[in-house]
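Going in written order, the chains are labelled A, B and C, and every chain counts its residues from 1.
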Amino acid sequence: MEIIEQIRIVEALLFASEKPLSSIALADCLPEGSNIDQLLADLRQQYEMRGINLVEVAGKWMFQTAPDLAFLLRKEVEQERRLSRAAVETLAIISYHQPVTRAEVEEVRGVSLSKGILDTLMAAEWVRPMGRRRTPGRPVTYGTSDHFLVHFGLNSIKDLPGIAELKAAGFLENADTSRLNLLDNQKPTEEQPELPGSTGG
Amino acid sequence: MEIIEQIRIVEALLFASEKPLSSIALADCLPEGSNIDQLLADLRQQYEMRGINLVEVAGKWMFQTAPDLAFLLRKEVEQERRLSRAAVETLAIISYHQPVTRAEVEEVRGVSLSKGILDTLMAAEWVRPMGRRRTPGRPVTYGTSDHFLVHFGLNSIKDLPGIAELKAAGFLENADTSRLNLLDNQKPTEEQPELPGSTGG
Amino acid sequence: MINNETEQQSEFEDLPSVIDSPDEEENLILDIDGFEGPLDVLLTLARSQKVDLKQISILELVEQFLKFVDEAKVQKLEKAADYLVMAAWLAYLKSRLLLPEEDSEEEFSAEEMAARLTYQLQRLSAFREAAATLMSRNQLKRDVFARGMPEPVIVTRNARYELSLYELLKGYADHKTRKSIADIRIHKRDVYTLDQALERLRGLIGIAIDWTDLFQFLPDLIEGDEMLRSVKASIFTASLEMAREGKAEIIQKQTFGPLFIRKTDRDD
């Protein structure tokens, strides 16, 4: 059998295989006396400049996308997501009560913090660990990040309106009536008065 | 970007996928103005004599092992059981005669279609319902899927071996619904004619 | 095509077979189970004529088929029905072929019927060949193979969270509101309803001849201070209601002094 034919066989075997193949396994499919190492060396060279390369991994051989083209196989997708109500509330509590421990957030909210909420807030780079409380167990305290201030257009965390200001701005009333309306089984108020500078990321 | 670099990208993309890719999908990964058809033609030629070939199936492109090496690679353990003679015949009638109703398949074979044959062919994803015939009872018509084309290495239904001869002999004319009676060969119109290969993937 | 093999019949491998009877070797026992219907039998028989399908002798074929059905050991009637219908049709065709053709506008001529049968046999034969050609093609995962180790495209989803300051503040306010609502516990209380009070007052006011202290009309047995307050409130409201209706007059002589009520005379 000609060398070129033997190379074709090695090529096809490596292509179709579901796992890397050893030179011994490949030699089993070739006529006796074939120089498998030479064949593999030739094949590697033939593919050297191509979009796929023949590589040796842990003593076995496989085809692989050329490293400089690996970017083709990676796609980054930006997804806009909405925070859950629980996450928004947690973020609000952390921003108003910081530094605050996880247990304290749970106490304030009256429910245990479901897994992933803190992760989400930290992934969004709004919340960061701040230190440890000097109490038994030395729990981690959380607070908001600079990114949080930038995102919400605040100069400092003190710029967050207090309860009285929230009430004056109609937030609490709004919440109240919407709740009462819900209880009365009426249309809940969905209006979202736009605050200056609150729109846009 | 140089042509050779564009070919490398197409090569890498096709090599990385186990499913056929459309030229449109490939072009999406190339710089604007690239001549994807030319690149594919070049790539096909480059692989013509190799152990792996670039083939066009169901209007898409994929690499697969060279057919002449089947003797080496043929899997003795066939995952699909051998199809019954009835199933093979039914598949042939459906693929050559599509869209075709169950009654028409029965008419050609001169025997009623036993339960499970259509199921088997549909489970193999070779056959799919295509629409309804505009005749009394609005019977479902069947045809083949893209998966069928890929499996049998066909670019389109028109490439079925011997289909021209069958057509010339008048065997692809609408089968009569009553056996052994010469009725007028009016071809009823099809509702929602879905041509094979027209479904995106 | 006709052979003596006694193949194990399975769902996936059914070959037409004609079985030799060990007792009567001259009589072939034909196995209908091995065939895919009467047309399949006809095609097999036609092939045994060893001529081009276009030149088969229909008369001979009819004879062959009738003989086949006659000799076949038919056990399942529903399976045999197809064969019997075909036999009847072929017998009819035979008679038509043998008798001189009569002019008939309604029916097809015997030649047309024979041509139709030939066409059907040719068509079935053609599809069988097509099927064989199709199956002999290189099939994916049998003869040719796709990449064994495909490299999937890894999609990284970067989540970008969108939240406005308004939503943040609203979240906090909602939390505060819910919290304050949650802290109020309103227990269900026993109350003396206005309706009860009205009923009692309307009933009793007739007895009162002159100005009477409103609280004279309170029910006798009242349990607890809360209930007493409820009763007083309801009776008072009831008195106002009756005054509004013009059925009673109320007078209070000094601030925080007792309330006196009497029935109006106008009613009388």
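A few remarks follow.
As a working rule, a contact is a pair of C-beta atoms (placed from the backbone, for glycine too) under 8 Å apart; a residue touches a chain by one contact, two chains touch by 3 or more.
What you see is a predicted model, and the numbers here were worked out from it, not measured in a lab.
Chain-level centrality, scored on Cα centres against the all-protein Cα centre, points to C. Chain centre most remote from that of chain B: A (centre = mean of CA atoms). The distance from the centre of chain A to the centre of chain B, with each centre set as the mean of the Cα atoms, comes to 40 Å. Distance from the chain B centre to the chain C centre is 31 Å, each centre being the mean of its Cα atoms.
In chain B, the residues that touch at least two other chains are 15-16, 63, 65-66, 73.
In chain C, the residues that touch at least two other chains are 145-147, 151-153. Those residues of chain A whose C-beta lies close enough to touch chain B in the complex are 7-13, 15-16, 29, 49-52, 63, 65-66, 69, 72-73.
On the chain C side of its complex with chain A, the touching residues are 145-149, 151-179, 181-182.
By the touch rule above, chain B contacts chain C in their complex via residues 15-19, 62-67, 70, 73-75, 78-79, 81-86, 88-89, 91-93, 95-96, 108-112, 150-153, 160-163, 165-166, 169-171, 180-182.
Put simply, chain C touches chain B in their complex at residues 11-15, 36-40, 42, 82, 89, 108, 112-113, 116-117, 119-120, 122-124, 126-131, 133-135, 137-147, 150-153.
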